[in-house]
Every structure is written in structure tokens, then in C-alpha cells.
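In the two complexes below, chain A is the common chain; its partner is chain B in one and chain C in the other.
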Partner chain A sequence: MIRLGYLEKNTFLEAVNKKSGANVLNCYQCGKCVSTCPVSSYMDYPPRVIMQMIKLGMKEEALKANSMWFCLTCSACSGRCPREIDIPAVMEAIRHIAIEENYVNKTKKVKEIRTFHNIFLDMVKRYGRNYELRMMAEFNIRTRNLFKDMHLAPKALLKGKITIGHEHVKRGKAIRKMYAMADKLEKSQKG
Partner chain B sequence: MTKLTYFPGCSAHGTSEEFDHTLKLVMKTLNVELEEIPDWNCCGATSAHVMTENLALSLPLRNLVLAEKLENNTMGIACASCYSRMKSTKKYMDEHPDKAKELTSSVIDEGEYTGKVEIKSMLQFCYEEVGVEKIKSLVKKSLSGLKVACYYGCLLTRPKGVTQFDSPEYPMSMDRIMEALGATAVDFDYKTECCGASFSISRTEVVHLLTGKILEMAKEAGADLIVVACPLCQSNLDMRQPDIEKHLGKKIGIPVMYFTQLMALAFGYPEKELKLSKHIVPVEEALSNIGKVVETPQQPTKTKKAVPSAESEAK
Partner chain C sequence: MARVGVFVCFCGANIADFVDVPAVVEEVKKIREVKYAVYYKYMCSDPGQQIIKDAIAQYRLTSVVVAACSPRMHEKTFRRAVSEAGLNPYLLEIANIREHSSWVHQKNKKAATEKAGDLIRMAVAKSIANEQLHEISVPVTKRALVIGGGIAGIQAALDIADAHIPVVLVERSPSIGGRMAQLDETFPTLDCSQCILTPKMVDVASHPYIELIPYSEVIGLEGYVGNYKAKIKKKASYVNFSLCTGCGACTQKCPVKVPNEFNMGIDKRKAIYTPFPQAVPNKPVIDAEHCNMLLKGKCGICSKVCEKGAIDYTMKDEVIEREIGAVVVATGYDLWDPKPYEEYGVGRFKDVITSLEFERMVSASGPTGGLPIRPSDGKVPKTVVFIKCIGSRDEAKGIEYCSKICCMYTAKHAILLHHKVHDSRAYVFYMDVRAAGKGYEEFVKRAQVETGTTYLRGRVSKIYKMGDKLMVRGEDAQLGQVVEIEADMVVLATAIIPYKTNPALARLLGISYDKYGYLSEAHPKLRPVETAKAGIFLAGCTQAPKDIPDTVAQASACAAKVCGIFSGDALKKDPMISVVNPDYCSGCQNCVQVCPYQAITTEEIPITRGSKETRTVAKINEGVCQGCGSCAAVCRSMAISLKGFTDSQIINEIVSI
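Coming up: the complex of A and B.
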């Protein structure tokens, strides 16, 4: 067990504070965020516990958890936090650190969440826009669950809720350049 | 005629065509011309900020830069998710001009960013720029008799520091607009609860749980229908409703309409312009309440209902 006073330098806390712009040390463990969070019951550790882990420098445990992958960025918690901590920004910071440092949560649920986000980003890279029906279809193929949501498709198509064709950004080149350069920048910041 | 830069968002030409269409009708009546950002791109919601830092800022920033090429001072955004991404990017860029320079010089190939264009959601535009009084004065067909639950979701009013609009806990702007149209806005405790839209495809069971509660509470509050201002909320609440009913093991059957559909109706546009056939949960029965006398209050029925169910559970 690590105790706060014993930790000489909590680099994890520093990294999270820097990335999120929040000061996690301000958290006084009241738990208001937990009772507010609509998805805390799905999380390995609810927001309050994540805050304490960061304060204690429990990097491994925090980065391997599924909590930040379940955060919806709904900002319900931060609006009520008596210490005005930007909790979704903290969740985002540890998610980005986990991606950068290759901490992989191997549960099916987190894998599927990541798969979806990757499909989304690929689609925007290709077309500059996102397109729901295609995303659904691709998600089903990649997660080997071909029939998920397919009962919705005929009705949605019939009602013109989703369409077969879709629009592209004209300057697709600009979008692809943006992806390449943003990625390069990300890597240079990391290194 | 006022001009407003318009960012429709990816769903405007697919899942939420009825929003886009009725928004344009409403703006015509309000004498506002919408000027779409030329060659706009997806703002990256709901995935870019989850996975990346620079891309999450660059996708909205390109739109902000393109918007500055138009003459207008304000941009209106239809989707709450796009609004949130674009407005938080604007805030970040205004506070970190060095970052804006870095991105516009190396990542985005469209010119400079100065930050001169204000961003508002279309709901915010209607409430702040047009105003309830003006809306009221344009009503040709009162919606009296119709009871609505206004659902704002999370991103239209949160976080307060970004949106600078209405209350993050219990907003009333949409309720006031609905009242101006003659409808009755019911007390609705779940008006800012998250519907889980970002998990719509990947973690559908979360959506069923969160959205199920919102639908049940709206029904309990005595509403004929739910009014929304975001395409993602609409498709979660409407398209997934039959699945949620299955999941809950009971019928809810509450239609979900855009605030602009009801504004267009009250401004005298014929019902066929509302594109009602797009709805999965049919709205016709709810709309037939228009003109009927509303029985108030709903509160006592709520408690009456709650007591026997608690008792039966205890048995």
C-alpha cells in the first residue's frame, strides 16, 4: 500500500494534472461524482476511487481499469463536484495516457468500445463525414456479431432514417493531411 | 433579414432530416437566412476526443476556420454533440492561441484562426437572439392541449463553463419556447440526464438502461410527447424505443419530436412538412391532443401510481 505522504514524487499525478488541467489533489473523496455518474455501476472503479488512485500514484491499477472507457463525458459529475474538479477531463487524460503507453484492458466490453471509436475515426478519415449505417455494419463485422441491430435497419431504411448513399467532403486531401499531421504531432509530443 | 452561419452536422442529411428541414422552415418565418459552412467536415464527436488529442482539436478547428471566411458573426449548430465539440474547441483555442497557431500552420490547410465567430446551439439562438416574445407573436396555430416533456440531454447546457447557456441542472429555455407555442411543459426531473448516445452502437445495453429511465420518467410526468433539440438524443429515444420496451417488459409508446417540428406546426406549416413518417414511434395520436383542455395537475397521479407498485413489490 502506498500512502500519500510517503510518495516522494507522484509522477502519475503530475502527468494527469498537466494533461487534464485539473488538480486531482483537490478531491476530498465526498463521492458526489459516484452518485451522479449514470455509468458508475459499469466501471471497475467509480470516479471517486479513480481520483484517489491518482492521488496515491496507483498508475498500473488506474490505467488498466475500464472506468475511463465507460465515461460518457456527460459532465454531470463535474457540475456537482464541490471541489470543481473537471472529472471528465481527468478521465480523458488517463485514457490518453493508457493509449500512449499501451495499457490494454482486454475485456470484451472495452475492446468493443475501442473498436467502435476506431471505425468512426476511419470513416471520417475516408469521407470527412460519418455515416451511421455503415458504422453499424462495420462494427458488426469487426466484432463478429453480424445481426446486432439489424432488426432496426429495414424500418430505419424504409422511413428514410438512414440512407444508402452519403456525402463526402470535397477537399478530402485536406482531411487526410490533417490526420497524418495530427498523428505526427501526437508522436512528437509523446517523445 | 439576419444571416446566420450554419453547421448542420453529419446526421442532418440522414437520421435527422426532419430536424434540418423544419429548422429551415422556422428560420424562414423568423426571417433568418442560414448560410452553410462550405465543405464542412465531421466535428469528430463522439470518438475523436476519446482516442486522440490533436485530431480531436483539429477536426472542429477546420470548421471554425472555414466559418470565419463567411461574413457572419454567429454560427448556429443543430446537433448538441457537434455544438459541444465545436464550442469547447473554440474555448480552448481562445485560451491557447499558440496551440491554434501550431495547428493552423501545420495540421489544417485552410488559413488562420482568429476566434471572431460566436457559437450557439439552435435552441440557444431561438431563445436568446429571437426571444420568447417574438416566437409567441408568430404563432398561427396554438399547441394548447399538448403536454410536452422537454429533454435537453447533457451537452446543450453542460459544462457550464463551455456552453454559457441556461442551467446545467434544470434548464427552462425549451420549456419557455414550448409555452410560447401554447403547449404545456410538464415538470420533468430527467431533462438533463445523459441518454448514452456515444454508446449507441458499441454498448447498446447502457443506452437501454439510461434511455429507458428517461422515457419512463417522461411518461410518468404525464407528457404526450418528448421534445428534443439533438439528433443523437432523438434517435436514441425514438429508434431504440421498441427495443427498450422489450428490455423493460412494458409498453411506453411516447413519441419524440424536435422543438423545430413543433415550432413549424405552430407557425402554421402544414403537418406534411413535419415529415412525421420518419418517426419510429408514431406521433399522430399525441398531436391529436392539440385543442383539447389540459387537466392539471399531474403530480397526485404520480404518487398514487407509485404507492401500489411499491406495495406489490413488497409482496
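Coming up: the complex of A and C.
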């Protein structure tokens, strides 16, 4: 059962709105986003319910959900939303808040998704672009599933989808500078 | 000898696909009296009508039979065509071979054809006995009666009076204004209800064509369209309005305190009172049920303080009569009593209030000076739960229908709460949000987004008390979870019901009402302001729940209808009415009993010419008679016949098949 009552300020709603630039209050619960979303069936709460939870100030439930981690940011939902809410931005915002406030969903799937994200960012930082072979290898090692999807490797190699060596981009330094700036920005916001 | 022309219509494919029209025409030609018979694709079209006109001249026809659709559709069209050709329009007969044959016998063409032939044969036989008839002219009294002085009655009265037609406006309470006067602000624009209503109230009071009769009720209506006579009971006010200046000394000094109806009983009024400061007329009345002087003969303070000597304890109810030509009924609505909702603590918890109580609280002129307060302890509520559909859409405890305005006024209340108590929090439990109207959906969005009202889909299951808080439990269907809200106050959006005296009024006026008590319109789509009785019209919530814009529109529509009736000096009426042959009449008065329109009275006539002895015979009032034929059927001595449907016409029809 959900307990509601006097709330001087719905701080969770305000934080989400500020971070995302959207206004979740606009949501009138039509559910078009849910039926549009390609991965809503994998989420424990579909986007519409997440919106309602934000409106009701149910911070813990919303932040502990796996929904925003499954979100592909494909923007199909916001493209069709009749109230023009930027739902992927809301998902992004609650991902941030979940990390900042230590609410991240602890299930294996979410852990894997986060590992995948981190490795990807690391690749881009190192090489300026993705290095698929290393990314696959690192993901398999870190998730302790060495032979996952291994049978696809020869085919992908032959087709040129992955390469043995990595490529460098021309201005790798600039990319690393971007990373440094992002880090600095994050720290200043925290402080 | 009669010369009949028969004109059969294909009605495109409607008739021709199922009735063999050429064969029918050949069959009809065999009838002796039929001098001409023809078929055409669309008889109602201009060339079709021309065929009829030409044939009348060419074949010197004495009557015309058109075999086509229902007379409800084109009887007028063909009567006009016949009369343009120089024939009396009532020499036309319609054989309905569409609704009565081709449409209902689509599976059996042979039978449909035979039946069409029979119908035409009957019409031909009847038309042979048709007589020339002439429209009846009924004089009209150009004065309208408006019952009810709410926004509907006010608007209708003003619109009629602006057309220079005198209006009698009867209001049961001491002041006009009705429910709208009780409202604070109105959706969807949030303009002040009083500010837009009171100018109209003042207009009514000062309009040279409006006679305002407050604190009165209509207790009788006789007559017929254009010639009604209304009996109006003026309730004793015990105050002589012509002497009273409205100074208010009496209401200040009166020692008796009574719950104030205008403020939904939140505060008290005196036994001598004006309902609200902007009342029109602004004269007090004495509430006879609570006045000490009238009940016990002791007190008399108001009389002592009145400098003008306007108080008169001996005043009696008075019945006055007005001759009028048309009636607009605008008796308004009442609110459903939420007592059956025991699970919400109605009556037990003081802080569970109704929407109109909340409305009076937030009104600047209301008993709390515009601030919502908890009736239990007088504190300003911070968390307020609004529950919609209280009584509406609830077959078990209330009524089946949707009250139409609750969604909107609840959104308004949520916004007003936010305006009055800035740090408040509103929750709304709803079943659906029905915001069909100009600017309505935007208004609801304003409540949800701008004022941050939380809308929860579901009906509240119960309310219980915890300390001085109310715990409201319901399901949030969006989450599929039970929600419990700790609230300071709960506002119930109670359903709209018709005013309780509606059925009695309907019987008195001779109009019909539905199972809820709403007065019935003549047609739900095409005649929404007329009643089944000519000259009586409906405006506002007396017909169905509606908001102010719809009410005003309907009231103006009533005014247009009334002005239509009064546009000429006399009303034209179909001559198909009953006539009495006094030679045959035995005076049994069976006809008086069966007449649904009270159109039959009796008169005394000499037994023989010049004789002093008299006998009683029936007399038909041409203006009232609607030509239903009940009297003709019940008449034992066959003294009554219905013009256009005489016994010889009917017998001819029967004999012909």
C-alpha cells in the first residue's frame, strides 16, 4: 500500500524535472509510451508507471526499478507522446539520480548493462571510437562468461564487422579532453 | 362523382427494389374512381410535384393520393403542391408504402407489392369521402410566463422582454439568482460568478417588460398554446415590499437564528432575512416557521425597529392570475444527498463536506470570508482530497447518469484551493475526466500541471479517522496499488438531481418527465427545448444536468421559440380536430373523461329550439384539441367525429380491402 499525504514539495519530481528539462506533471497516463517501447516488457515498471511514481513522489520505488537501465533511449516513446514529454530524458535523469543517491538496481541484468556502458565509454576514451573485439572480450571477462557469443566471432570477422587490431582517430587528444571536462563538470555539480 | 389521381413514388430504390411499382399502378387504374395513375422516381422532387399539379388541371381531379413515404416526411410538401394547383390541401391522402411495406417486407417482394396495392386502394377509398377543411386560427395572448429565476429563467426572461414581449417571472425563493448566485468563480475562465450574474439580475428588476414575482409558486395552468391562464401563489412575506426600503434594521435586530440555506447551513441567518447581499429584490421576508411572533405571538422586534412600518404579521398567502401565451420552465437542480455513502463517514465526520459547501467557503462573500476551513476545528486544511462521481454513475447508491459538471467544478475547486491556500496539496479521485467543452480540457490540464493537483484513477473505498486526520483509502488504478492518503478535509462532488417538485409541476403543466424527475423534451435531438405540449418550453437543468454556457444557450433558444409563437396575432392550427353533433349527444361525458388535453367541456343547450328546458352536451375547445380521436372512439351515440378521419372515411377504407 502506498501512503500519501501532505507534501510541501515533491522534491523528487522537481529534481527529475530540473535534470531532464521535461515536466512529468504533463503525463496523463495514456500508456502510448508503454505500447510503443520495444523493451517495456522487460522492465519491472513500464514508463507510464514510472511517470505516475514520480508524480506521487515515490522516489525509492522509482529509483530501484530496472526500467531506466533497460531504456534504449530510442525516443520512439517521446516521438509519439501526445503531451510531448521527453521520456528518454526523464529516464536519463533518474539513471543519474539513482547513481548519485545509491539506489541502483542490484539485479544481475542491470549490473551487466552498466558494465557494458562503462566498457563502451572506456573504449571511446582510449581509442576515440569503439574497438569491438576488445570490448567483447572485456565484457565477457568482467561478466565471467568467457565463451558468450563466441561462435559468432568467425562470421563477424569474415564480414568485417570486427577487426583484429584497433584503429585510431585523428584527434584522440580532443576526445580525452572532452572526457576530462565532463568529469570536472560532474564534480562541480556534486560539490 | 369523385375523380382521383394516384401518384406512386419509387423513392429511388427504397420502394422500387421491393415493390413492383408499374404493376401496382396498372392494378390501381382498374378502380372506377381513379382517373389517372402514374409513377415517378422521386415524387417529392420539383418535377414530381409538377406532375401532380399538371394532372389536377388536366384530369379535373377532385382528390389526390400520393403513395410514397410516411406522411411525417412529405405530407406538408404534397399539401402545398395540391393547394398550389387550386385544390383544397386536405383533399390529399398519403399511402405510406415505404415504412409500411417496402422497408418491412424486403424478403417477400410479392407480398410487398400486394400490400402496397391494398394501402393505395384504402387511401383512394378514403379520399373519396374527404371533405374540404380549413386551417383554424387561434388568437394569442402576447405575454410569457417564466418559472424559475436562476440563470436560465433570467436569460429567457431578458431575451423575451428585449423583444418587447411582456414577461411574468415567478421565483420560489425571496431573490432571483438561483444556484449561480451561490458559486464563487466559474470554469473554465475563473471569472467571478456574482460579477457576471448580478448585472443580469438588476436588468430583470428594472426591465419595463418584466414583472418579477418573487417568493411565489405557480399552482395552476389552464388553457392551451397562446391562451394559458396561470395561477400564482404569492407566499406571505409579512413585509410590505412597497413600503420597505431594504435598510436591513430588522434583520440586524431579529433575535432568532436559523441555519442559512444559501450558505449550505455553514452559518446562521435570522428569521427575517434577505438571502444574500446582492439579492434582487433586496427586500427581507419573514420565515414563518421560525419567527417567534408568528409562532408564539411574542417578540415583534422587527416591527418596532422598522421606521416605515413595513412589517405586517397579518399578511396571508395570495393567489393571483395572469393570462399568458407561452411558458418557459426553468426550475433548476438540487444536489444529491450523499448520506448513503456511510463508508465515507458522511454525517459522522465533520470534515467530509459537499462540493457546494466548499464552493460557499471559497466564495469571498461566503461564511468563512473566502478561506476553506475544517468544520471540526476551524483550521485551514493543507491536504484536501476531492472525490468525484458521488451518487453519479452509481446504480447501487445513487443514479445511473453522469452529472456532467462535476469533473469541471472539481478541477476548479483544486485550482481555487491552490489560490486560497498556497502551500496546500490537492488529490482528486476520478473515474474518468469528462471535459468536453470549449476550453475545458485545457482547464483540467491547468489543474493538473500548473497547480500540481494529483489525479488518481479510482473510487475511494473508505474513509476513517486517525487522530484529527481523515485517512482516505482507494486504488490508484494507474499503478494497480492501494493508496492511502492522510487528509485534512474531503470534498464530495455530489451528483445533480432535478428539483424535487418537478414531477408535481409536470403534472400541473400537463407535460411529461423521466424516471429521475427531469422534464422531458419533445425530441432528444431535433426538439430539445420544446415539450410535447405546445407553448411550453424547457431551459437549464430542469431538462438535464448542464453547465452555465449550455443553460444560457438553451434559455435563449426558448426565448426564440416564444417569440416565434408571438410573431403573429393568431396561431394557425391543423383543422383535423373533433366536432360534436349536439343533436346526437346524450351528455354522458365519457369524452370529457378520456380527453388527454382537457379540451372537452360541457354546455347547456335548449331541448328544442326556443324551449326553456335545457340539456347538457359536450363542447370541444378548438384551440386545445390535438385531434387524437379518443373522444370519437369512446362516444356511444356517435355524436363526435374527427375531421379528416370521419366514420365514413374509415368505413370506406375497411370496405375497400
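Throughout what follows, the second predicted complex is superposed on the first by the 178 of 191 C-alpha atoms of A that agree within 3 Å, B and C clash if a C-alpha of one lies under 4 Å from a C-alpha of the other, contacts with A are read in each partner's own complex, and residues count from 1 in each chain.
In the analysis below, a residue touches a chain if its C-beta (ideal position, glycine included) is under 8 Å from a C-beta of that chain, and two chains touch if they have at least 3 such contacts.
Quick caveat, the model's predicted, so the values are computed rather than measured.
Taking chain A as the reference chain, the count of touched residues is higher for B when chain B and chain C are set side by side. In the superposition on chain A, A:141 contacts neither chain B nor chain C. By the document's definition of touching, neither partner reaches A:104: not chain B, not chain C. When the two complexes are overlaid on their common chain A, residue A:30 makes contact with neither chain B nor chain C. Using the contact criterion defined above for the overlaid structures, shared-chain residue A:8 touches chain C, although it does not reach chain B. When the two complexes are overlaid on their common chain A, residue A:52 makes contact with chain C while staying clear of chain B. In the superposition on chain A, A:171 makes contact with chain B only, not with chain C. No residue of chain A lies in contact with both chain B in one complex and chain C in the other. Taken in their complex, chain A has these residues touching chain C: 1-8, 10, 23, 25-26, 28-29, 48-49, 52-53, 55-56. Partner chain A is touched in their complex by these residues of chain B: 10-11, 13-15, 17, 39-42, 44, 46-55, 58-59, 62, 102, 106-110, 154-155, 158-160, 168-169, 192-194, 196, 198-199, 201-204, 206, 210, 235, 239-240, 243, 277-280. Interface of chain A with chain B (complex): residues 38-39, 42, 70, 72-76, 78-79, 86, 92, 95-96, 99, 109, 112-118, 120-121, 124, 128-133, 135-136, 139, 148-149, 152, 155-156, 159-163, 166-167, 169-171, 174-175, 177-179, 181-183, 185-186, 189. Against chain A, in their complex, chain C makes its touches with residues 382-383, 423, 425, 427, 445, 448-449, 452, 454, 457, 476, 478-479, 481-488.
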